[in-house]
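Lettered A, B and C in written order, each chain numbered from 1.
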Amino acid sequence: MTKMAHHDLFHIIDARPFDRLLLDELVELTSLARAMGQSKEGSAFLSGLLQHKRAMLYFTQPSTRTFLSFNNACQILGIGTSEIRDRSISSEVKGETFEDSIRTFSSYVDVIIMRTPGDGRADKAAQLMDSIPRRIPIINAGSGKDQHPTQALLDVYTLQRSFADRGGIDGKVIGMIGDLKRGRTVRSLSYLMKNYRDVRLVFIAPPTFEMEADIRQHLATNGIEFAETTCLDEVLPQLDALYVTRMQSEHDAGDESKSFDYARYSITKKELEQMRPDSIIMHPLPRGPEIHPTVDQDPRAVYWRQERNGMWMRVAVLIKLFGAEQQLIDG
Amino acid sequence: MTKMAHHDLFHIIDARPFDRLLLDELVELTSLARAMGQSKEGSAFLSGLLQHKRAMLYFTQPSTRTFLSFNNACQILGIGTSEIRDRSISSEVKGETFEDSIRTFSSYVDVIIMRTPGDGRADKAAQLMDSIPRRIPIINAGSGKDQHPTQALLDVYTLQRSFADRGGIDGKVIGMIGDLKRGRTVRSLSYLMKNYRDVRLVFIAPPTFEMEADIRQHLATNGIEFAETTCLDEVLPQLDALYVTRMQSEHDAGDESKSFDYARYSITKKELEQMRPDSIIMHPLPRGPEIHPTVDQDPRAVYWRQERNGMWMRVAVLIKLFGAEQQLIDG
Amino acid sequence: MTKMAHHDLFHIIDARPFDRLLLDELVELTSLARAMGQSKEGSAFLSGLLQHKRAMLYFTQPSTRTFLSFNNACQILGIGTSEIRDRSISSEVKGETFEDSIRTFSSYVDVIIMRTPGDGRADKAAQLMDSIPRRIPIINAGSGKDQHPTQALLDVYTLQRSFADRGGIDGKVIGMIGDLKRGRTVRSLSYLMKNYRDVRLVFIAPPTFEMEADIRQHLATNGIEFAETTCLDEVLPQLDALYVTRMQSEHDAGDESKSFDYARYSITKKELEQMRPDSIIMHPLPRGPEIHPTVDQDPRAVYWRQERNGMWMRVAVLIKLFGAEQQLIDG
């Protein structure tokens, strides 16, 4: 995040600098916008809120969920969208540089939401914006192996909301299972836990996929308790939330994903029986074999709600970005 | 159609269950919406009618006409749209199942309009929707070899409207020519004719492409008179409407389409001379050599109007689907 | 342009027939719309102006800039858009003719904006429209090697606006550098200069890429002074504007582009030193090595503003096309 102050948002490149004040405000705005969207009148209000803004969805890296949730968030707010999802139709085929392409987009719109291959692209775009007269915000929608900040925000929202009657995230035990080594979502979420009191993390993964040292170091430095295990059954009864992730096989150097033992690290009816009745199961989706479809019917499975939360959190992010939060609150 | 009752629409998978009451209502709503769309004020009214709704256009099977008419129908009603028209840009490349993709779309929008390769997909999507808490309607826009219900509806509308001064469809003689064996449109339309009184059908095709037994059986069972011929000239003077279709060569097992004798089964100026002055020529488009472009200038050629009718019928379908028909009538 | 009268616009195929009266009016409308777009209230007014219209963006030839500027211009005016940017998803794969495709688009929308491979396509589409009952305007967005009229208009606007305090385009010395032989923009702009008083043109290019005889003939016939040189340094101090263009290497017969000597025909800090303090540097973008990125910081570099002007000029063109200019003026 190139610029970051209390209650002020511009580029959104990385979730790490988000503090409790901002997280709480975004959670509030998300719930408010979502409640408004239930009625036709509320929807009409929302659709006028940012009708004077336009967004560029620059998604040359395949994505369904993030693209759709941003596109629909824009529509909810009356923001016009333009999309580039296929590099072959753009001026890059005429040899235009990345910088010139980004500056071109910025000529026509008020925010660029981007997910492109290659690392550091969103940050580079934000730096370019900071050097030109018509500066517009950049939102990183998960470019390359970079951070995926709005995913981290919607995860926080889902946790906070699911535990609304039990004091929110503070004091909860959160398990994370799967490809912890390469999963952006579990890494970001672990990072953000420093903003909450008495959270305990439990990492569940075989050694090949265990959480990286930088995150463990961060947790230790910030006094966040965590445990590591290779045995799911052992910890299931303690968990308030279980965050399940898929194998990031697209980042395999060799064949490591094939070694992953789904028999030991999946959620089926059997695992449900060991979980607390008030616990929740999350997943950033898309899922692989790590959650059996029959689990969907269990009330503790909140990942489909989590997905829809993503759209509403992005509504909140756009409202905050364009400084319309007071209008939402007053509206 | 998973659910179907008088004056109640949800999933639209198949035209066959549509009854006269519903067909008549949709024809009415289409004419009403269309008349409104003529003025700037009427357009403004329509564009507010469903502004709180959003649609997913999931069109991974090539389509210009159906895609554009649904997209523009949505715009007329203020419905925001998201589109996937290229499978390579979606999460299916990460191995997501069809069911999870559909459920994901349903998280963000209020209706899914789909045309995807493979049979039975729309029905499968509708069944999924019926099993989840946030159930939204599915519209089959012509998936695979399945039914193409909104095409059948716009055909009914075009017939009914063209014969508005002559008592509508009841009592008319309707010829169908071309690839009757594999043409979805002529099959669906034949099916729906049971809703009208004293209609007579004339099937004109070489034996290789003649209407299938199931439709002939259906007509016999429902007491609808029909004749079959290989000679167009012979029947031309009797017809009120001639529904022309193209060769479905994409469904060829071998080379059968090449055997089709356009010299005997095409419409040119010569055929026009034999047709009644108050008859009409329809075609679902796109057309091949079966209608010569000079025919377009003849006032009896209504296929371009039929195409535009498709957009307005889809406007009516969406209005009915979201229960806004009374608002339209009162507006 | 199939039809053209003072203060009347329909098809926009070619910039050449535009006269001073119309150019001045479009410049006015552009400035007016642009000023309005600065406030939320003005934006709301603009977004209702053509809300009852829909556009087809038929861009099967790669284009970022022109596509985005038309798409955003439509959004500013509340015009709904449909896009085809990939031929493989359209009915042309079923063998539909170009004429039938265009007529199909025209069934659903109120204007077709097109950029397709092949010469004369926009003109052909306009002729088709003039022969059917539901005639809608065609805008050529730079099809094939044809004219690119809206680019010429935005260039005129940028010149006129940049010299607003110095009497506009009249009396200015305008240099053009680069691939003058094949560059549509410099050709069109040269052509339009007959509408201005005492303009002097200076063509700067190596012999292989010099301005074609037809344009030089046109200038001579219309009494527009021009000079040709192979030496940029010599003329730099005289110029009010320098219009820089890129190599059209996609139109190379052999390897001619590789012979272009960027050392002699590029703009760097060195060239800036020789230019007048009140001069401007334009470029239609995308750029190649002919303008060094460090030039962007110089206040005389107006090409990024020129790009954004393109969106607002297209707003003005659409307003004029649909006869809403008085509403804009009164609004």
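Basically, a residue touches a chain if its C-beta (ideal position, glycine included) is under 8 Å from a C-beta of that chain, and two chains touch if they have at least 3 such contacts.
Computed from a predicted model, the values in this text were never measured in an experiment.
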Relative orientation of copies subunit B and subunit C, as a Cα rotation angle in degrees, nearest 5 | 120
Taking all residue numbers used at the subunit A/subunit C interface, answer same if over half belong to both copies and different if under half do.
-> different
Express in whole angstrom the distance between the two chain centres, defined as the mean CA positions of subunit A and subunit C.
-> 41
Residues within subunit B bordering two or more other chains | 86
Of subunit B, residues touching subunit A in the complex | 48, 51-52, 54, 56, 80, 82, 84, 86, 88-96, 99-101, 103-105, 107-109, 132, 134
Could you pull out which subunit B residues touch subunit C in their complex?
-> 40, 43-44, 47, 59, 62-65, 67-69, 71-72, 75-76, 85-86, 250, 285-288, 293, 296, 304, 307-308, 311
